[in-house]
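Quick heads-up: structures coming right below.
In what follows, chain A forms one complex with chain B and a second complex with chain C.
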Partner chain A sequence: MSPNHVSVQRGSKIVFVYALALLATAFFAFPIFWMVTASLKSDHNITAYPPVWIFFTPSLQNYVKLVEELGIVKMFINSAVIVGLSTCLAMACGTLAAYALARFDIKNKQLIAFEVLSIRMLPPIVSVVPMFILARWLGVFDTYWLLTAAYALSGLPFVVWVMRVFIQDIPQSIEEAALIDGCSRLETFWRVTLPLLMPGLAATMVIVFMFAWNEFLLASMLTSNAAKTLPVIAANTLNAKSIAWGMASAAGVVMSLPVVVLVLLMQRYLVRGLTLGAVKG
Partner chain B sequence: MSMTHSISTAKVGVADKAQRAGERRTGLLLLTPAFVLMNVVGFFPMVYSLYISLTDYNPTHGGIARFVGLKNYATALLDLQFWHAVGLTCFFVTLSVLSSLILAVLLSLLFNLRYPGFFLLRTIILIPMLITPIAVGIVWRVMMMPDLGVLNYILTVVGLQPQLWTSSAGSALLSIVLVDIWQWTPFMFLIVFAGISSLPKSPFEAAAIDGAGPIRVFFSITLPLLKPVIVIATLLRIVDAFRTYDTAFIMTRGGPDFATDLVSVYLQRVNFRFFDLGYGSALSWITLLIVSVIILIFTRLSGFTRIISEKEDR
Partner chain C sequence: MGIQIRNVQKRFGATTVVNGVSVDIAEGEFFVMLGESGCGKTTTLRMVAGLELPTSGSIHINGKDVTFAEPRHRDIAMAFQDYGLYPNMTVFENIAFPLKIRKVSPTDRRRKVEETAGKLGIADYLGRKPFQLSGGQRQRVSLARALVRNPKVFLMDEPLSNLDAKLRAVMRTEIKKLVSDLGITTIYVTHDQIEAMSMADRIAVMRRGDMVQVASPLEIYDRPLTRFVADFMGSPPMNLFPACLKSPARPTCEVQEFIDSIPDEERALIADRLDSTGQFSAGIRPEHLKLVEVGSAGSARAVVDFVEPLGQTTNVYLTAGETSFIAVTDRCRYHVGDAVGVYAPPEFVRVVAN
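Right, the complex of A and B next:
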């Protein structure tokens, strides 16, 4: 084989690989492109055939309608408050538990850890009925409290498992040094361990936030009006007799954007967080 | 070795014993908030649901719960609509998880070539898993419109038959599988790619010296080494695929002709349209049992428990 031939072969391999990679990316990116452009089109343009690709006059009409007709600002605030509160609650409870499981001499540690994990396995369609009944009985149906508690619970296994791994990654000698210097266990945790855990905490928080922010089933069954979240109102845009495609797409963009931005910023620990600490990214 | 241990061996005697008891108390104290959350919001409602499942509770019928024993469970065993939903869900989970796993492995091999620009493409591929499932359902419904949708337009342009997508009983479930693959392959890809990137180099160098071909290397080195990562990704995906609700709800509501009536969609109908909460709770428990058995079988067959406990012993 002449060297020329080899380089042609290599060149065609490179072209082939790039073509495949671009094709795969196009498959995953196209619906997102379509959602974003649809949110900027009129309903007439969305259902145009053949489709209008990029040459249309973009307008924020759909977003304006979301605010004026659906009052989406309120749902955005609901989502932000509920998801924010529940994430903080899950982080606080979970991190303390993770610290106990990682560093303290407690009986049946393994068993406790797996009990926490079993919550991750529980399908929400199963727990939603008793929650619905109990919530009506306690008078917390359609309030922030109910969804906050529910989301805090579903975030808990992530926090416990992921933070446990992050805590185990911190060398014990650092903590031991602080203990010898006379700090108490809790002081050591607060002053020494917690600052070192910050990147892990932030990454876990983003994942817990994402799952709660995107959740629909519990939100649709456990709210009716006052505590409605974004996914519920977005689903309602398709409930009406005439389907508002433009508004629906705009709602899709509005709810997806915060998560996409947050997660892409925290990409580094994403794998570890999503696998509950089992795979190192 | 735990820190308590190393510290307590340094000190001896009665003080040691007292300190250890104190340690344990602090540890339990730290567990308390999580414990309360788990029991009040998690396990208590579940126990309550077990009780409800033994009654004929239906708030639209006066709201009085009469104890009926195992009647709901007996009805459920003969409920063909329910078993149809279970069958559909199992088919859905198998097809969707298997396809996204294969796709994810292929993508990981491709992107592991690490040509310039691949990092950017990889980041773009991650995005679908971050999109709210409701939004995913909306945009795919727009794209899958049989007469005006962009997918059929693309199919016609490349010379293929336009499809009915979610409008026909024959293709509706497969359409939802496609959407699920689109949304969750990125998740599998992210994890498998992380696994491939952290594989040791030496087995591959040895194989290169022995002159093994790429396919041989893949099946006898890459795949076995990747197994733990693949098992974890698959397990998480199975757990989540069983609860698929949002996309099916938005795209088809279980139709047409019950072709996409997944268990979660059926349960939603029993519980929140007919408000047959006693019967619905019994169905929930049967579902939970089925899912648990399937997960248990998977963890046994795949050696998941061994993988996790090896990590614990590290």
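Right, the complex of A and C next:
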């Protein structure tokens, strides 16, 4: 075969691969595209047939309605505070617990680890009613505390199990070297172990954050007004009589933004974190 | 001064890993703990380091009881088998880390790191990360990190076992020179008898949590106390022949000629080294056996099984009666199946406990 022929063949192969990749991307990106455009359309344009693809006059009317009619700003703050706090709590407690389980000689270590995981095996719907009753008793119904605690607790097992593996991946001799170089246990954790855990922490945090951010069941049952979060309000746009497609789309966009920002911020660590363990060194 | 280990025991659950070890290590001494894997040598070292706490017994370093002290309060440095470098820090930061923790000023830090790195030949790599270094360079960094703060005691846990044979030989002499120049008390753990022989001031041969014999390298090589030590040291190892003491005047041995004329002081050791069934072993190093004419005075008759020329020396595998053994000679003219006389000079025959 002539060199020319080979390069043509290789060229067409590359084109084919890119076309396939584009197709796959388009398939997964289309709903997002549709959501974003729908949030900027008028109700008339949304339901128009044949569909209006791109040529419409964008307006922020849906977003204005979200703010004015549904008070989404307050819900956004609620969500941010509750999810932020619970993620931090779950990460801090979970990582420390994972460290203990990974490094220290604890009696019945496997059993403890399994107990922690078993919380995760319970379908959330089972715990909603008892939690509702408990919250009423304790007088924390419809407060930040309740959802924060609930999300922190449901994120905890995941953090413990995932971080335990990340910690076990760090050779023990690195920590022992630090102990001998003059660090206390806590200093060793802070100065040596934690920097090495960053990729794992980032990956775990994004997942815990997303889980709590999107959580609907607990949020809808355990709040009524003061501590209502975004998923609940997004669902409120759909009611028995009518579905406000524009507002629903706008709420979807508002909800997705923080996750997108977080993932972009953590991207540097994420790629390394998600492949750690697969590739050694 | 130095290190005193008193009756130290370590149990993990029902298994005893270190079984009441006691030893005094003098200041500036290079002390090697030698043994197979699982013999308790690393655990003993880790108890001196404070990474493991003894179940009972005590450890003193430079006159201070440190049995339960944290590692950082022991003034020790340690080199690990897998180096234990901080992967996210540069070589400079790695070496400077112990100084930083001890709040040494940045100018002093830089000076000391550069000085130590120069001594170990890694001054050119200070800006690199550990993963950009070869195994030998990594071990040098770990040694530099250990030595940078002039520790009183240096602990090394098989630091050379991840290196190839040639580099190991180079590093061996380098470490020995460096440590003895600085006069640091050193405990070195290895399973490699050549490392132990070449570096140690004193060797402790360990087995199943006990120190079987603690002595200078040549003493251990020349006068092993037990079969285990005799078998462990030397390549090929010492020839051992089952023997027993039926009458006090005349010990018997599988190759009787070897033991007939042993000197009186060696004969006097037999009573001490008998096991419960009245058995012991007669040992002789392969290089001390002489191949002579069949039937010459004091020699045993043997048949050549196999000849292994190694260039400098030749290993001759022999059988006398039912006992197989090895003689190391210069170049030899024997062939497989030849009958030879084997003479064991009495001054080299040893009484070894089973």
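Just a few scattered comments:
Definition applied: the second predicted complex is superposed on the first by the 229 of 281 C-alpha atoms of A that agree within 3 Å, B and C clash if a C-alpha of one lies under 4 Å from a C-alpha of the other, contacts with A are read in each partner's own complex, and residues count from 1 in each chain.
The rule we apply is simple: contacts are C-beta pairs under 8 Å (C-beta built on N, C-alpha and C of every residue); 3 or more make two chains touch, one makes a residue touch a chain.
These numbers come from a predicted model, not from an experiment.
In the superposition on chain A, A:L196 makes contact with chain C only, while chain B stays out of contact range. After overlaying the two complexes on the shared chain, residue contacts for A:T47 are found with chain B alone; chain C is out of touch. In the superposition on chain A, contact is made by A:P171 with chain C only, not with chain B. Counting the residues of chain A that each partner touches, chain B and chain C differ, and the larger count belongs to B. Of the two partner chains, both chain B and chain C are touched by A:L179. Of the two partner chains, chain C is the only one that A:E187 touches; chain B does not reach it.
In the superposition on the C-alpha atoms of chain A, the part of chain A touched by chain B in one complex and by chain C in the other spans residues 176, 179, 281.
Per the touch definition, chain B reaches chain A in the complex via residues 2-7, 20, 23-24, 26-28, 30-31, 33-35, 37-38, 40-42, 45-46, 48-49, 52, 57, 107, 110-111, 113, 115, 118, 121, 123-128, 130-136, 138-143, 145, 147-148, 150, 153, 182, 185-187, 190-191, 194-195, 198, 229, 232-233, 236, 239, 242-243, 245-246, 249-250, 263-264, 267-268, 271-272, 277, 280-281, 284-285, 287-288, 291-292, 295, 307-308, 311-312.
By the touch criterion given at the top, residues 14, 17-18, 20-22, 24-25, 27-29, 31-32, 34-35, 38, 46-51, 89, 92-94, 96-97, 99-101, 103-106, 110, 112, 115-116, 119-134, 149-150, 152-153, 156, 160, 172, 175-176, 179, 185-186, 210, 213-214, 216-217, 221, 230-231, 234-235, 237-238, 245, 248-249, 251-253, 255-256, 259-260, 263-264, 267, 270-271, 274-276, 278-281 of chain A touch chain B in their complex. For chain C in complex with chain A, the touching residues are 49-51, 70-72, 76-78, 80-88, 97-98, 101-102, 131, 142, 145. The residues of chain A lying in touch with chain C in their complex are 171, 173-174, 176-184, 187, 192, 195-196, 281.
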